[in-house]
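As structure tokens, the structure follows; a few thoughts come after it.
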Amino acid sequence: MPFWATYVFLYLPIVVLVLMSFNSGKSVYTYEGFSLKWYGELAGDERIREGLVNTLIVAAGSTVIATVLGTLLAVGLARHTRSKLLDALALMPAVLPDLVLAIGLLVFYGMIQMTLGLHSVILAHGLFSMAFVAAVVRTRLTNADTSLEEASRDLGAGPVSTFMRITLPQLLPGIVAGALLAFTLSLDEFVIAFFTVGNSDQTLPIVIYSMIRFGVTPKINALAAILLLVSFTAVIAGQRLTKIGETRAQD
Amino acid sequence: AAACGGESSNSSGGTSAAAADLKPNADLSKQKLQITVWDGYTPKELPEKAKEKLKVSEVEVTLHATNEEAMTKLTAGGDSGIDVAFVSGQYAQALNAQGLLEPIHPELIPNLANLYPEATQLSYDKGNKYSVPYTWGTTGICYRSDLVKAKPTSWNDILKPPSWADKKVTMMTTERWLALPALKALGYSVNTEKDEEIEKVKQLLLDAKPHLLAYDDTTFGDRLKSGEAVMVEAWDGWCPTTDEKQNIKFEVPKEGSDLWVDTMVIMKSSKNKEAAHAFINYILDPEIHRWAAENINYKVPNKAAMDKVTISPGSLLGIKPAELLNGESLIDLGQASTKYTRLAEEIKAQS
Amino acid sequence: MKSEAKARPASRGRRLGAFVFLSPGLTYLIVLLLVPLGLMVSYTVFQRGRFGGVVYEFTTENFSRLVDPLYLGVLGTSLRIAAVTTLIALLVGYPTAYLIAQLPNRWKTAALVAIVLPFWTNFLIRVYAWIMLLSGPGVVNSLLGTKLELLYKEGTIVAGLLYSYLPLMVLPLYATIEKLDPQLREASANLGASAFTTFRKVTLPLTLPGVMTGCLFVFVPSFGNFVIPEMLGGNKTVMVGNLIRNQFLSARDWPFGSTLALALVAVLVVLLLVQSWAARRA
Amino acid sequence: MLKIDGVTRRFGDVTALDEVSLEIGQGEFFALLGPSGCGKTTLLRIIAGFETPDAGTVTLDGEDLLAKPPNRRPISLMFQSYALFPHMTVAKNVAYGLERERLPRQEIKQRVGEVLETVGLSAHGDRKPHQLSGGQRQRVALARSIVKRPRLLLLDEPLSALDKKVRADMQLELKRLQNEVGITFVVVTHDQEEAMSLADRIAVFDSGSVRQVDEPIELYERPRSPFVADFVGANNIFRGTASGLDGLKSAEFGMLPGTPLEELEADAEALLAVRPEKVELVDESAARGFKGTVLDVSFYGGVSHISVEVEGRDRPVLAAVQGAGKMKQGAKVKVRWNAEDAVIMAAAGQ
Amino acid sequence: MLKIDGVTRRFGDVTALDEVSLEIGQGEFFALLGPSGCGKTTLLRIIAGFETPDAGTVTLDGEDLLAKPPNRRPISLMFQSYALFPHMTVAKNVAYGLERERLPRQEIKQRVGEVLETVGLSAHGDRKPHQLSGGQRQRVALARSIVKRPRLLLLDEPLSALDKKVRADMQLELKRLQNEVGITFVVVTHDQEEAMSLADRIAVFDSGSVRQVDEPIELYERPRSPFVADFVGANNIFRGTASGLDGLKSAEFGMLPGTPLEELEADAEALLAVRPEKVELVDESAARGFKGTVLDVSFYGGVSHISVEVEGRDRPVLAAVQGAGKMKQGAKVKVRWNAEDAVIMAAAGQ
């Protein structure tokens, strides 16, 4: 039964993590009784709160960049060029190891003497997110019927009006899916943020990284439980959204 | 450019440019401070209190986990945005060598007078030209008195642990401290650049590796408390000797150890240099500085502050400066420091 | 390609369109990807500054350091760990993806989301969960009442990598298996093949592209990882990622760090070429 | 040889097959004909073993088929989409089934060579399926199915993916092959022309039930229900009431000539069906027949279809004539046919 | 009105169109017929503006079309897949083209209403395309194309996606519509029956070149090249040499009756083509004709195809007879036809 085993493997650690977050004791290893105190401590942790806010700022900012540029890029690649080279270039940030991107950007930011901060992470996350958005939107475009666009031209619409009224609505589910992907990737991203964030602001993964490095604490369990809950909700909401988007596009 | 390294020798920062013209009476309310410091190394309320006291427009504190993290950010970009950084002595030295530090203007920091005289003659920066010490201490063996069969006295107790301690010892992972036990056990300087000495050190460390639990800089205290480890290489302040169970002890091995200093430096790129000086001066205030000693268990090189500290049982704060100075001060080795990077890599890559 | 000798309005419009759509993204890619990578590559021939930074004096020393047995050894270790991880991920991921693809439609999505869901929690927290489970006083030992040493081994690193990247194997595999025409399997059965023969002769060869993609998706982040060896390996195992990180963060040797990064990319490129060569031959 | 008895299969609340019973003889070319969704494929899949009936039995020469897994049944299924293995050459595809029987290499090679010869693809053994045209692919699928010498060959819409010309050739070829190899063929199709031109006998399906099993000409000329009449070729259908031996009483057209298939009660509601090619268009002045106006003449090559608008009917009457129709659009005509060319059946069947 | 002159289009080393010239008149229903890949779609796309020719001109009433972008050409293209905008209602789809002309809302509404009336979809204006059947979709596509009152309507395989029964209805509808709106129609198809039943004139294409332009009956009965003869309906083709007025000298069958299309040099290589429905099968004992054996009788409903094996020919001779063929397989027959029913043409054309 490798099927269920896979799910057990994937979920067991997480379930233990969540259970332990309700531990009343100080140890992360032995369960002593039920309590919500770690959630209280978590709520009082300013660093985590700030990390969370920063992460959301970065994710939102990079998603906007990635969605706009990635969509344009996908349309351009699918409809306006046949260059394999450009295709490969657009995909590169998604395929390169994050560490390589991270140090490339670090070196580059140093070279141009850019002050590091959330903006530098936003730019960096925008880079790989754009590749993912472009890839998602492109699949949709390749599957999409070019005859719709031609029909629009044929009925007297210019290129701009065709793009706005036909291409874009067709792509919407893909764009939404791409944007969601970009957002979640950015939320979770650690390595690039670690190298390109300034001193003054830290994203949540970086906060978590230094917390873990200084030892295990049930606070992290509580954080994990909350993140899991949020992810659950987000995934389900995301699915609904895509589905709605899809039916809209079809209707 | 930041990316261009300096070429000066070690000690007393050759390339440090002429000090900026600072006005003792500058209007601090137009300046704000960005400070980077280790997590948990300053009081939580420090920003508000400093802001109130110094009358600056804002004080913001950001945290780093390790020297390396801080260094990356301070040396990477143009303006890091940081005014005051807390880094260890040899890193301050490296920053200065790259021309990134503002010379200290002693006239703006009257509280320098509170420092022990010894604390003004530390080998990485004699005369406190570009750094001001914040805490100091040494490295030794931290152990569970109830779990060890014999009290550790030598670095060899960690390097060649007896069978009851096998796989229950940890050593540090940052390169200079990784090398330290072996360097000292073999009677070498912690700042040695000699290849043959480093080679011997390497052999010793390689032999030690199979008996280690892990290389760990940050959580060795927890490991002792949980009993996962019985002996660890530790900085004095992080050895939890004041734990309520009172079963954890600290020992500086007989072969000797280092003297490390965590310092405060002002970045050359700072636009708030007067406020930065005022901030350092504020930290050196005995009432403020004693907080560090009392709360993070690190000794501070501030005589006036230490005199006010009440020393709890088991605390290591009682160690006197003279004793500390037995330890060898760590300095940045410039080009030769890569030998230690390589050493650490070789040890860790060995399986 | 088309011959567009006569610049008719249609083709001029096309070129304008290409410019409008492509230039923002390409500019972004050039500035934030190609220039940084170029810079990184150029650093490989310069020297480390005495206190860090870069001295712009030509040297080939970084490359001669690279072939040092120490670093080759680290590359070897990384390759081994990443390869083992990828192999296990494939062995676990394939049957999982296969079985999900056989589920009735309404269960399919749920089963697939359930595979991805852990991926949506924080990467570091998932690594942390393993520390909690496996450490000396950890959950496993305290439940079993044992004192097994489970952490800080190469195997632990593999487990952590597997846990982190298994979904990346399942997803592309699922996509190709799902696309596979079920009639091909029926045709095979109809021609007398047992379930196993059908798998070996029909299903597996036809899902090879998904296998390749999945392996790539797992191999790349495993190969360049530095967090998991650090946290689950007790710093006792060094992978290329750790080396690179250390060059940048502690040794402050950017040129050599860049050289290592270049080597990392080079290994991946070679593997990719081998893969596409194999795919073309298949 | 193949006996299907009371086979029922439900999917949720859809009854795909409803107590279907059929007997197919050795060496027969049998067709299952019916509109989309009537359960044809489901029946084939049950015979091949990819679907299990909820009730009923299927036996082959007396042997229970349902107890065997698909790979143990002496039956070949040729899939509608051919289901050729895209990663194998033509020869490999064909050899696949033989290899499963662990025959000696030499024999496999020889039999593959022979069957490729038979389907005229000897020269294409090394190609991959995607390098073949639709017709060639179909022949590979056929070769792959027959090379195992199954006792029964099932073909699911074998020609629907092909274009007209290739299709006509293929139909001939299929028939020739069946003659040659002597295997029992069961072919599924929704194309009545195809069924009629190929099969010895046809079973007409509708919504999971068998409506009529007959030889093509019988089926065409004597459909036993309105459904069959309508489905098998375009019929002109008139409503009315039965009236003794050779006619249908129609409100609009009076007495229409036709032959009742069964005895009908006088004045029972009935339908009359007449084929376009049996409809004669004569001059307006003719004595017999009813009046109409030519609406359209379509030349189909070989035959022309003439639609005639007739008062009292909303659909035009369709007549087919050999060659180019000489009628002009708008011409006034009379429509008529002979009693023996039209069938009359009870309306209740619908 | 539409004049295509020397249009050539190459894709790499494929010449999709090779100096094609055609003239299509006002109000005509014109068909482009040819096998797959012969360049039909490419020509339509050039006329519509989605493809640029490498050489040649296209004018509409004397006006250069090529200089205009697609959205400025007074031409509508109806796509094979209909290309209805899935996110818009039927009414919105139809209104799309009018909105681009910035007509007043009121007028748009009225014209959309009218055209939906014409195609019989007034009740479906608020539906989305996926809520319609194939035939309804096709009518929406048609409505959308004609509502702009284009001077020319191009249709690319308008019926190929529909199934047989719907298709026959749609063909009638298309013809009716063209009559009604009076727009010039150019329809692309690879189905010879469709072309013949729909069009006033047909251009037969082969590998990028026009082979023959003619009215359907003319084309069918008097194909001017072996390619056309073969492509337009199944012809029986015989090889031989020309021999004066009414016959082809054949090595195997002696003199075969037929009418040369053009004057042929005596003894020039020539081909004779005769339609199945013109072939007569008579008793073996008959005087005229050559001998053969009935190989197969296929009943197609309405007509039966009888293939007759003839010595000296590798393909059987095909004969079509009305109704169920009375011949039995294996019967010995004589094959014959009349000279006026067979055409003789030069073999060089092939």
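Each chain gets a letter, A, B, C, D and E, in the order it is written, and its residues are counted from 1.
Keep in mind that, in the parts below, a residue touches a chain if its C-beta (ideal position, glycine included) is under 8 Å from a C-beta of that chain, and two chains touch if they have at least 3 such contacts.
The model shown is predicted, which means the values in this text are computed figures rather than measured ones.
Note on connectivity: the fewest steps through touching chains from chain A to chain B is 1. Separation of chain B from chain C in touch steps, taking the shortest path, is 1.
The rotation that brings the Cα trace of chain D onto that of chain E spans 175°, given to the nearest 5.
Farthest from chain D, judged by the mean position of CA atoms in each chain, is B.
For the pair chain A and chain D, the distance between C-alpha centroids works out to 55 Å.
A straight line joining the Cα centres of chain D and chain E is 26 Å long. Contacts with at least two other chains are made by no residue of chain D. Residue positions 2-3, 72, 75, 226 of chain B each touch two or more of the other chains. For chain A, the set of residues touching two or more other chains reads 27, 29, 106, 111, 195, 209, 213, 216. Against chain B, the residues of chain A that register as touching in their complex are 27, 29, 47, 106, 109-117, 195, 198-202, 209-210, 213-216.
Contact residues of chain D toward chain E in the complex are 36, 163-165, 168, 171-172, 175-176, 191-193, 196-198, 216-217, 220-221, 232-234, 275-277, 296, 298-303, 305, 307, 320, 322-324.
Interface of chain B with chain A (complex): residues 1-3, 34, 36, 39, 60, 62-65, 70, 72-82, 218-219, 221-222, 226. Considering their complex, residues 2-3, 5-7, 9-14, 16-17, 20, 27-30, 65, 68-70, 72-73, 75-77, 79-82, 86, 89-90, 92-93, 95-101, 103-108, 111, 123-124, 126-127, 130, 134, 159, 184, 187-188, 190-191, 195, 204-205, 208-209, 212-213, 216, 220-221, 223-224, 227-228, 231-232, 234-235, 239 of chain A touch chain C. Chain A makes touch with chain E in their complex at residues 145, 147-148, 150-158, 161, 165-166, 169-170, 248-251.
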